[in-house]
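Read through the structure below, which is laid out as structure tokens, and then see the notes.
Labels run A, B, C, D and E following the written order; every chain starts at residue 1.
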Amino acid sequence: KIGFVTTLTTPAAVIGRDMRDAVELALEHIGGRMGPETVEVIYGDDEFNAQKGKQATERLILRDDVDLVAGYIWSNVLLASAPVVLSAGKILISANAGPAPLAGRRCHENFFNISWQNDQTPMALGELLNQEGIRSLYIVAPNYVAGQNMVAGVERVFTGEVVGKDMTVWPSQRDWSAELSKIKAAGPEGVFMFYPGPAGPAFVKQYQQAGLIETIPLFSVYTFDSISLPLFQEAGIEAVLGGKMTQFWAPDMQNEQNRKFVTAFQTKYGRYPSFYAAQSYDSMFFIKSAVEAVGGNVQDVDGMRAALRKAEFPSVRGKFRMGSNHFPVQNFYERTVVVDADGNWTTSAGPVVLEDHQDPYAGQCEMGG
Amino acid sequence: MTERPRELHLEARGLNKRFGGLQAAADLSMRARHGEVHAVIGPNGAGKTTLVHMLSGFLRPDSGSIVFGGDDITSLPAPGRVQRGLARSFQITSVFRDFTVLENVVLPVQARQGHSFRFWRSAMRDPSLTGPARVLLEEVGLGDRAATLAGHLAHGEQRQLEIAVALATNPSFLLLDEPMAGMGPEENRALIDFLGGLKETHGMLLIEHDLDAVFALADRITVLVYGRAIASGRPDEIRQNSQVRTAYLGEALV
Amino acid sequence: MLEVRRVNAFYGDSQVLFDMNLAVSSGEVVTLLGRNGMGKTTTVRTIMGIVRTRSGTITLNGTRIDHLPSHAIARAGIGLVPEGRQIFPNLSVRENLIATARTPSRGGPGWTFERVIELFPAVGTRLASAGNQLSGGEQQMLAIGRALLTNPLLMILDEATEGLAPLVRQEIWACLGSLKKAGQAVLVIDKNVEMLAGLADLHHIVEKGRVVWKGTSAELRADRSLQLRYLGV
Amino acid sequence: MKSQLTPAHAVSALLIALCAAVPYLASALDEPFYVIVFARIMIWAIAAISLNLIMGFGGMISFGHAVYLGIGGYAVGILAFHDITSAWIQLPAAIGLCALVALVFGVICLRTRGIYFIMITLALAQMVFFLSVSAERYGSDDGLNILWRSDFGSGIVDLEDGAVMYYTIFAVLMGCLFLQWRMVVSRFGMVLRASQSNETRVQAVGIPTYRYRLAAFVIAGVMCGLAGFLQANLERFVSPDMMNWHRSGELILMTVLGGTATLFGPLVGAVVFLLLSEMLSTITIHWHLLFGPFLILVVLFARGGVMGLLGSRTTRD
Amino acid sequence: MDYVLLIEQLLNGFQLGIILFLMAAGLTLVFGIMDLVNLAHGSLFMIGAFVGGTLTLVTDSLVLGAVLMVPAMFAIGVLVETIALRTLYRRSHLDQVLATFGLILFFNEATRLIWGPEGLAVPLPDFLEGTVALGAGITYPLYRVVIIVIGLLVALGLYLLVARTRFGMLVRAGASNREMAGALGVNIPVLFSLVFGIGAVLAGLAGLIITPITQAAIGMGEDVLILAFVVIVIGGIGSVRGAFVAALLTGIIDTMGRSFLDVVLLLFLPPNAAESAGPALSSMLIYILMAGILFFRPQGLFPPRGATAAP
């Protein structure tokens, strides 16, 4: 029995839907079995809210009596919920959120992350900016922890000058007229923005309407994905084509597991999987590897943990390994928005920007046991 | 309760009040004595209610002062004036519609007993509150309506309650804004008798269009027109005053 | 014209009108008399459809109106001056007058804004003020003017002289007189039996929700004991 | 004066008995989850009672009431963050801070009436909310995890023990219910209720309403702060979300759903609101489609909320 | 300071204000005049965006979509009023809050079922794309200029409707005393349905107009609703003129806060503190504005007529 917490209601449910679809697909691919056991996945809805997420987690642990909990899009939901799972002595696997505390001081032997640490992707982007020769940068991001982390990540690596920075109200602000005017006035060589979910396309659209897209290149993390790109395409914002970002994965990465995943996902759901989907898909195989290692005896937490540390499973991103703080050590690639053979907009993986990268908090992690 | 000076006069000195372009009180001075009924009459819109609002502290005069029992109370807020013994009734009925009739009267009774920062004992089970309240209701003729919601009373009954609420604060001086309005002839007469009985112990400022009541009760009458006191004197003087007759009384009542 | 027959009405569970009967013919001035709380206002509210009849019928010119909504009853030709004035506080005096004005259904000149102002000059000077900034008496005049401007077949005045200065009160009586002369049907409730006796054609005394006596002014004047018993005069 | 036994009384008594028995029932039925659910419900009920005090009986509709949940909670969270876990410091801090904030807010808000009051309470609460969001030191909107519950020392009340935690909440709830009852029927309550219906008149009988309303506002703030204190301990977690305006809105909803200006309305409202969402949400993720119309139906057909439906009129001793 | 930036930000604030006004105007009609606390007004904003957006996509024309949306929203408004809200006018505000909250939940979920969680993107027609030069070096997105113009026209029309027509008088009369207005021959139920319909159209228009900029999302109306409430409270409830002034004030202050607060704060605070205080303070700004205005003018800037009478 696996509990999987994600967002199934509120506008952010688009992400949750992708994750759930990926989990369902994974279950299909493994025939609904891990080792000798049949798997049942019970979903919890965090309603885009830390308290509700925590309650959903409690429900899974106390009422549904799941053996292991995975999922979590949002850092704050994860931070609130983690103690519930960990104090019950069960294993927790984050399929998206990677907040700094859990990578550093508050790391835990039973906590694993199968995506990335929040800082990593923007650090890669900072590196990309340096490589592209951008010397002055304007930053726009939402004022919540992940937003702050993204900005901090870029700033940590970016060597040029940050000429302006706006942290906007999250999640309500959807009109950036004031910020765009400031950008125009500041005239930077590049703009970095981070808006997950449907806010991203809205930003880019306004960026275009303000007449900026031709003059100042826009960089981003997470914003151009298979959830937002159809919206861009629908709205005809061709300017995003060729837009660059960084990520650990892209739908066209060439390995067997990824090909299987992407093709199956497309056939089944009629759209490209997002990276959220990819991580969720991975998480199921990740769990499977552990369950098989203990021969289905999921009560053997020590055994499971040992197997998870080895991370021997087929991942859609090819190779990677678990770091000392149970966060992945992996490559980050440049990723470009392109048109695929069928005319759909997608992203394509480019050269490696950061190789075998480990997050900067791993050093603070003193894991018992 | 604090000891009050025996002679409590209420005095307005040069009150002025404007509403936009409208002068509702113009250099208005008057003096109402304790133990007397001082009636204020005048055409509709003359500023009578405005005067009561100012005397009771619900409106601040633009200038002028108000003296009660020898103290200047011009800047004293309304509740403070009541605590000094200056109570009022409202021309437009103003009772607690979702309280019972008894509760309506218990509240002022408790007000006169001092502060209400008492959190424990049930007010409606406190005989020191309900006792005087019931007595008062009997007096104004609402004794058998004690348990009715005030909002369910007929108009005339609400008028009676209005008086009872004002009296329950145990005032030494009453400001009555058209107490007779809406009451039937019989209730009217009863109220006249009742107020007449209070005269000994109370000062009263009576605003009324019911001239029978005015002439039956008043010891002194002031006539207001456009915010100005055009005449003041004993009832018979006023009755004869030709200016008053053209401005207010008309020919019917001579 | 108006006929109220065996009407029973309730507030919640408590019955207020008991087989109430009442008729007003065109051109007639008819009164409802009675002490406080006897059900006069309730009768009016029932006629207006604000309180619903539980049984009995109300007809206006032969058509039943007891199941119509209030506004339809008003449009059928009843103008109300309610107890307690009920001026619209958030409308200016002018708006209070013209908002619900209607032209007379019979044709003919009828009441106009100008005529009402002429009748109540005091109101005319405050046209731009908000309704609730008027003094009590001014509001009363406004309420009468407002009802007149709907040009009704039947005017109902519920304590329309309450709170009015004697001069104005006289004017209103005079006005009622001229309404009567002009053939306007009026149903009037007032405490001033003396004046009404000089004006009205027919009186009803209401006691505990019933008409206990009905008669002409002369009959009413003649019977002192009646006045004492039911009206306390 | 007269106290008839209505279905409302029976239901309220039953609910209280249920709250008292939940830990036993839960362990008997092997459903430990419901202990937390009910603990949470009771905390919301305390907060709703505090709101009912000013909103139901005093006519002061506060749309920022959850701010005291947050303040009470953060008093625990921040002190615990600095390794001060003694309840004898945390509790007075929570109460004192809530009283102070309520006093200041009350002074500002009570100048206004009606919707203006609603909006100004919202505005002030939003300020505290944004303040907590920007407090990076204390986790911004990620909130703070609380490692140790408040420590009452001496081992009599050990909140780390689930049952003790539960019954502490239960006891506080009972205390608040009792306090509410006494306050409402007392002289103070008379003034409060009268000011709601006609404040001018209260002043005209010689009562300076302002100080009574202010006192009620502060008492309600403190009571709600207590709920915040308990919530922080129960959840071992505080975040700005505790004082999001949505929470204030939910408090209003629960109170109205149960029945404003009734003694048990807030409790009933909290139970119905939270239990029903709990149950409906396990049936379908589209449960709002059912819950929304349910709320509308309650309003349309049950005047005075669920308590009204059960035949309770507003409380009058 | 750069005056081009300043003027642009003023325009931005103005444009935000216009959207707020369209929302607030409907609210002020329904709440201020009819005295119905309609939390679902935000849902009407959302429905306008989705319905209007869909009509736009179907007809392939934003203009046509907007034109068709008007009767659609009017019908939806009247329907909602008749089915769910009609009996609520006489009830307490709190009952209204509960019921209309129920409506929000229902509409949000229904929208999710119909349009899916991802929302709706509405493209801007080519002739509205791009920027216009306003002289003096200022270029401004054309579409935002269009929004400002539409908003001004609606504001004018609405003001005339409410303040100058008999319709407006009757609505205000009916709101202040339903029973009496009825007894004077006003068909209140029909009148109120009409008003509610107009409010729905205004909210829907606001929702649709902003969609090409922000896209339609579920729950998009809720934050706007709070802002709209702020606006009508600042403006004085029931006053269309007040709503207009307050909407512009709110829009401009909010925008100015977002644009210049960090610079201003740098004058007083060390960079670090300024950087973290800036966003917090700018999100608080309109609430501070409201609290301040209410503190000094407890009835808002344009108190409704009749609210200041003596007790």
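Please note the rule applied: contacts are C-beta pairs under 8 Å (C-beta built on N, C-alpha and C of every residue); 3 or more make two chains touch, one makes a residue touch a chain.
As the structure is a prediction and not an experimental result, all values here were calculated from the model.
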Chains touching both subunit A and subunit C, listed by label: E
Shortest walk length in steps over touching chains, subunit A through to subunit D: 1
Longest centre-to-centre distance from subunit B, chain (CA-based): A
Averaged-CA centre spacing for the pair subunit B and subunit A, given as whole angstrom: 75
Distance between chain centroids, defined by C-alpha means - subunit A, subunit E (Å): 35
Inter-centroid spacing, subunit D versus subunit B (mean Cα positions, whole Å): 43
Gap in Å, rounded to a whole number, between the CA centres of subunit E and subunit D: 31
Two or more partner chains touched - positions in subunit C: 133
Interface hub residues of subunit E, defined as touching at least two other chains: 112, 279-280, 283, 311
Numbers and ranges of subunit D residues touching at least 2 other chains: 133-134, 136, 200, 288
Sites on subunit D touched by subunit B in the complex: 1, 182-183, 185-191, 193-194, 197-198, 200-209, 212, 215, 314, 316-317
Residue ranges of subunit E in contact with subunit C within the complex: 166, 169-170, 172-173, 175-177, 179-189, 238, 304-307, 309
List of subunit A residues in touch with subunit D within their complex: 8-9, 45, 49-51, 54-55, 58-59, 62-63, 75-76, 79-80, 83, 99, 106, 143-145, 148, 170
For the subunit D and subunit A complex, residues of the former touching the latter: 31-34, 36, 40, 133-134, 136, 139-143, 145, 235-237, 239, 241-242, 281-282, 285, 288
List of subunit B residues in touch with subunit D within their complex: 56, 58, 77-83, 87-88, 90, 94-100, 103, 106-108, 110-112, 116-126, 129, 165-166, 168-169
